[in-house]
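Chain naming follows the written order as A, B and C, and within any one chain the residues start at number 1.
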């Protein structure tokens, strides 16, 4: 046990701590990037699924297929598909780019579902009133539905962000320098697996736990404000 | 883009892939069962237990829920040998997934326990039901109905989670995809087929679970 | 020429026939009351008139022009000429009272904001809610919310106002303030179709009353004819039961 702390001490060099911080930053950035762009595209997909009329049928079908596909394929497989798509497509991009594209694809699919559930949680009466006053679908969503839906959307969306931080660990497999990759590097440099991965587990914990407490507070606040 | 798709080279591997999918399902199932056992015990402790055991369970749950499953398995597979415990890759994955599932399922089941309705229990007590009868006829049916959707959902997530076993050399579906890839180099074809298999497998599972839920509990679960 | 004409109008929700050969005409400035038991199709007629339900057969004519329900542009025209006030007020919960009244004219009809605001404030004052401009719907009573809904409908400058059981969801003591508002509108010459259970009010305010049952207009006449000397047995039954209260 003494050697554990001894190793820990020798791990804690300025250089290593910086490296660890970089990994943590990349991990958060990946998840945030996936959630922000995923939120944007996901909202578009959610709105697309709400259109009616046979002209927009391909749009609805695409939205449905995209959402279902990327929610039902494991992160690792999507990552590999992106990796090889870029490689065989002849694009010489960084592994970080591949990771970013992957998280946006997956984030879009999951957030599309969350947004859709939120939009549908608004009482049909609100939709009817807007329709009777000649609002277009986009106007209805923009001025009436979305302002009311976001309190329903935000808690699960934030929860997904926290979940995504852990899922992004798989990006290490193509060499993205995020937290898990840092752990593997430490291990390769000679530190024992217990210390290397123990530190990484702790790092993830310190990212995830405060955020989940924040999420719980957010949920409480939004839950009560909804019954304003 | 110069790539020409040659699915012809990959189709012959389909039975091999299906067997891999079957292994994925097995791993998920075993881990789920183990997780349920842990979850039930821990949820009971959290709801009814005394101070120290509650804190211990809390620590376990909070730790496993806030760290990635991948790193948990890394730890088990690479760190335990230093303590003299040598796990095969399959066992490490199974243990990691079980412990991970146990934590999540504890929370899910705890929410289920807490949904028990005091008024129903009092009514049963007044009618002369024994504690055991109360549990069997009043509490369990309701709690089971409340628990079924989130548990089903988590099971689907776990099925997708088995994919990381490939990293440790386990030959479940994703692992076999890597194998086929290193033999044929038809990466896009292999992984696209594997992706579609995952979609079908989870869709099938979702539909089966939704139908079962509708039949057994009259819960209306959405598949898509 | 009648302002609004319904000609052999039939409509259905899936297999359920909800309107069956409705014939009705409303003159300009006239108030027509629709009464009848639940499910008789009264509210359904109003839904057709706002384009929320497409008729199966028959036609709807506004100021002589037939509406083609297959053309979205004509449905838009229909909605521009009518305004509906719902039983559940259906105010936008995320907007203040003033914003609720202003939003459709500014965003949908693209009228000038200053002009709309002046008119909205005038209308809200007219319905007695000048002090509540910055309040949110859930801070108001049912009666107040309903009056906002009426002001919102009026700000659209409709030719025809449709009122769908607007007092049904209100506590009794809040009903009269809404009825007062509607009385004023009738006196000012607004063409209105009112669906209501408030028989006394319908009798007082309507030029003509239609009694409906099972999707059909059973009898149509002046309030005196319908309430005092109904010709159809059905009508007599209904009126007798209602007025006995």
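Here, a contact is a pair of C-beta atoms (placed from the backbone, for glycine too) under 8 Å apart; a residue touches a chain by one contact, two chains touch by 3 or more.
The model shown is predicted, which means the values in this text are computed figures rather than measured ones.
**Q** If you average the CA coordinates per chain, which chain's centre is most distant from that of chain A?
**A** Relative to chain A, the chain whose C-alpha centre sits farthest away is C.
**Q** Which chain's mean C-alpha position is nearest the mean C-alpha position of the whole protein set?
**A** If one averages C-alpha positions chain by chain, the most central is A.
**Q** Per the contact rule at the top, check every chain pair and give me the one with the most C-beta pairs in contact.
**A** A-B
**Q** Where the CA atoms of chain A average out and where those of chain B average out, how many Å apart are those spots?
**A** Averaging C-alpha atoms per chain gives centres 20 Å apart.
**Q** Rounded to the nearest whole Å, what is the centre-to-centre distance of chain A and chain C, using the mean of the C-alpha atoms as each centre?
**A** Inter-chain centre distance comes to 47 Å.
**Q** On a C-alpha centroid basis, what's the spacing between chain B and chain C, in Å?
**A** 55
**Q** Counting only residues that touch at least two other chains, what does the list for chain C look like?
**A** none
**Q** Could you list the positions in chain B whose residues touch two or more of the other chains?
**A** none
**Q** Touching two or more other chains, which residues of chain A qualify?
**A** Counting only residues that touch two or more other chains, chain A contributes none.
**Q** Any idea which chain A residues touch chain B in the complex?
**A** For this pair, the touching residues of chain A are 64, 68-69, 72-78, 80-81, 84-85, 87-90, 166-167, 169-170, 172-173, 180, 183-184, 187, 192-194, 197-198, 200-201, 204-205, 208-209, 212.
**Q** Once bound in the complex, which stretches of chain C touch chain A?
**A** For chain C paired with chain A, touching residues are 50-52, 76, 79-80, 83-84, 86, 88, 90-95, 103-104, 107-109, 136, 138, 156.
**Q** Contact residues on chain B for chain A in the complex?
**A** Against chain A, chain B makes touches at 1-3, 62-63, 65-72, 74-75, 78-79, 81-83, 160-164, 166-167, 174, 177, 187-188, 191-192, 194-195, 198-199, 202-203, 224.
**Q** Quick check on the complex: what are the chain A residues that touch chain C?
**A** 125-126, 128-135, 139, 143-144, 147-148, 228
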